[in-house]
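You will see chain A twice below: alongside chain B first, and alongside chain C after that.
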Partner chain A sequence: MKTFRLFEIVLLLALLSLASHAGAQANLEINTPGIAAIQASMQKRHAELAPLYASGAVGLTRDGNVQLRDPSAVPLPQRAAVNGLVAAENQDRAALYREIARANNRPEWEGDIRNTFAQRWIDRAQPGWYYQTAAGAWARK
Partner chain B sequence: MRLEKNRLALPGVLLAAAIAAGCVTINIYFPAAAAEKAADRIIDEVWQLKGGAPAPAPKPEAK
Partner chain C sequence: MRAARRVFLFVFAVLLQVVPATALRAQHITLLADEVTGAGFSAQGVRAEFANGALTIQVGTARAGEQTWKNVRLDCAALKLERARIACDDGAFMLTEKIPLSLNYAADKRVLDVALKPAPDETWRLDWRPGKRGNDLTVRIDGGRWQRAAVWLPPDLPKIGAGVVNGEIGYSGAGRIHAKLALANGAFADKSGLRAGEKVGVALALQAEPAAQHLRWRAELAWNAGEVFWQPVYLKAANQQLSLAGTLDATTLRVVLGGLRFPGVGDIELSGAYDLAANQLTQARAQARAIAVPALYESILKPFLAGTVFADLRTDGRISAAVALGCKGLQSVDVHLERVSFEDKLERRFALFDVSGIVPWRADAQTQAVVIVKGGELLKMPVGAFALPLNMHGMRFDLKHLRVPLLDGAIDVRDFVARVGEKSAYWQFGGEVGGISMDKLTAALGLPVMHGTLAATLPMVRHVKSSLRVDGALNIKVFDGTVQANNLVLLDIFGRAPRVQADVSMQNLDLELLARTFSFGNITGRLDARVTGLELVNWQPVKFDARVASSHGEYPRTISQTAVQNISALGGPGAASTIQRSVLRFFDQFGYEKLGWNCKLQSGVCEMSGVEDRAQGYVLVKGRGIPSITVIGYNRQVNWRELLDRIRRVTEGNVKPIVK
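Right, the complex of A and B next:
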């Protein structure tokens, strides 16, 4: 009799924990003021980055950043500005990955979040844009 | 009588502890599908893809 009850309680606990796991994994929290601010900053910068992606001057790296892959595609007088743009974008991206991990109370997920983004930036890049393959070579979409 | 009660209590506590430990382990797993969804929502915003050309579907993956 007592054994049965214990078994039932254990079963109930197991079911409850399963249900809570399913709920916790449905979505990642991305609606925080910090994430929204980074997102807005990146959206604004994209107007300047888009032509650089299209010309192939800047490419998407395999680690979720952007990189000036072909400096010769940028006229010398503008090169410093483009370098600044790339650095600012990578700073925002690092902050974005960190903030998402933190918003979900899992700072240790930052690397996984970066890898997920790296894959999705590349998957969703426009035709003609350059990206880095897993082996590190540059390829064109 | 008393002995029998104790004998049942110990496995019960052990089982509950095992489940609690399993709980923690499962929760630590990175939710790859949820992360992909979150990434897509942010990429939509940053690249202004909403309403434009449909995005390629994420590659199928094991869950």
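Right, the complex of A and C next:
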């Protein structure tokens, strides 16, 4: 439940800042079946990703993705699965940014949406999680 | 390391053979050489100095292969010179680090023994002595650090982190080479951690001897401990053995007979040739017989299929395969399937049972695959036996006709053509679906049971990038009428949010069948519908303009009170309560002239209208005859999700209509 809330908060905050970015176009469409499907898939995966964020194995990148930053924190037999998890998460994240842009008939916003989300994911990360600074270095919250 | 030792040996040999023993007793000797070269190595700026019992040999630049070392140095503070022996007990060899060294030369037997001790538990012992033909050299490694091999490996390979090597490498003057080495606790990893090994144990045995024009060699490699993850494959040591035998000459490394034994999976025969100058594989063959598909799938294929619909299968059967590569890449693939079965384990979306046949693919010739499938399942529906006569020519594949029995009908695929390019793939086909009874289909799909038959014509289905386009109309016969889909496009079909676009029209649907199917009450009549600009995301509508209305023509038109209430409920609670309070509640059936409902869905809101407008509302059912009823809707706008909830409540709660 906690992870669910976190996801919702990030989504909301990201969208609020997008709305202000969009100026007058504050009426952002975020309630589409496409976004809902991606969101559900990400929420489901978050339970598996959370311990990896906590251990520092996976960190949040500055471009709104996740990355296997410390493979040694993952035993070899699990590394393929974790790598798959990271790839699937990034696929969903890309789909989410694209879908929000598409749902609002502003495909050109995709890059801005990604940047806004990148910042929000990092702002809302829990203490101990790793994130990439603007310069590309890893830092711990 | 090895080259440096050779430099050292060379210089030492010069010292032994060139300098007469009497001279060694002199106080001070200096030897200088601008360049010393040998097979595969060179040394520049060589200076050997003997003064007051101390020997120093310096090499300005030593090269071996691609490696270069500066200031290589050998020091022996107290060189013992005896009649039959030259010895140095505590010398030092400087390469990249200072390595303690001891050497002993027995002049009578002409045996040189050198021991290098880079670490207390690491010894490299060189033994150089006259053999049957020329001198024999043996290097014994005891506790050798595997990391020392790193300088000889290509830089794009993972970095060696740990590992201990024990064993022996020998060279005889006759040109024979033998090696018997064992690696224990080997560890390697690249920066991303996606190519890594831990606690790796490998045993290597190598033999080589000169033959007429080349070197004949033989190697046995056994992997006996540890684990390796090489994205995406994870393997544990299970005594996998690779044995190779071949030849080596100045231009080509050749494997004549090779075999990979993979316990639990099977044996693979290998052969090939590698052009050393061009640095490329010029020819290779691999062949495996009767490999058990479950073992192959679990240990090798599964990681490659993660994230696809084939990620979690139950498999069975055997497969034999032969692959040949040439300069231009893949030349041929021969696959022989023996009763291979696979099944989507958890979701049961698809399955094929008892697939047998041969697939003889050639890069530059036309061939035909003959594959027989005994049966299968598609979305839990039974699929009958079919044959797959696939024509292949390089990366072009075509199929004249394929008939797949499904339920009590069949899917016919005609003129299937696929082209697989380096970056993209394209395929298209036409065909038809016929004779599948809707009762069986809807029951199998878990939908409300519908009557009729599914007969669809697929004029042309094209797949480009990740979209699927249907040219022409898709026709379905159902509810005694027809449903036609035009301009059907599926985007991102395998993505997280697949999109479907289409225009759909329905003609002359039997309302009685339709209403019964969806538990909507009793309505007799006929219905037409036109849905334009339909857009589904994740199989849910996000946009459309729908116009549903009674068909033209003469047919009985009655509507039950339950149905009236349900239709009213769609427009909000207002209309329904009017009926309940009126005298009309004493009647069960009403006549009507026409009924209709329009909805323009956009941004989650459905803009509604009916067959005609009224003050502040619109007519959903226009009455006719006695008793007749007219249903008027007042809500022009309704939230789509709320509307769906209402429909769900209506259809679910309608098993027992309450009439007051």
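Convention: the second predicted complex is superposed on the first by the 116 of 141 C-alpha atoms of A that agree within 3 Å, B and C clash if a C-alpha of one lies under 4 Å from a C-alpha of the other, contacts with A are read in each partner's own complex, and residues count from 1 in each chain.
Here is the rule we go by: a contact is a pair of C-beta atoms (placed from the backbone, for glycine too) under 8 Å apart; a residue touches a chain by one contact, two chains touch by 3 or more.
What you see is a predicted model; the values in this text were computed from it and never measured.
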Chain B versus chain C as contact partner of A:Asp112, first or second or both or neither: first
Partner chain in contact with A:Leu76 - chain B first, chain C second, else both or neither: second
Partner chain(s) touched by A:Ile100 [first = chain B, second = chain C, both, neither]: first
Which superposed partner A:Trp121 touches (first chain B, second chain C, both, neither): first
Which superposed partner A:His46 touches (first chain B, second chain C, both, neither): first
Footprint overlap on chain A, comparing chain B with chain C: 35
Residue ranges of chain B in contact with chain A within the complex: 5, 8, 11-12, 15-16, 19-20, 22-23, 26-27, 30-43, 45-49, 55-56, 58-59
Of chain C, residues touching chain A in the complex: 189, 192-194, 196-198, 227-229, 231-234, 303, 306-307, 495-497, 499, 536-540, 542, 603-604
In the complex, chain A residues that touch chain C: 29, 31-38, 41, 68, 70-72, 74, 76-77, 79-80, 83-84, 87-88, 91-92, 95, 99
Chain B-facing residues of chain A, complex: 2-3, 6, 9-10, 13-14, 17, 20-21, 24-28, 30, 35, 39, 42-43, 46, 96, 100, 109, 112-113, 116-117, 119-121, 123-124
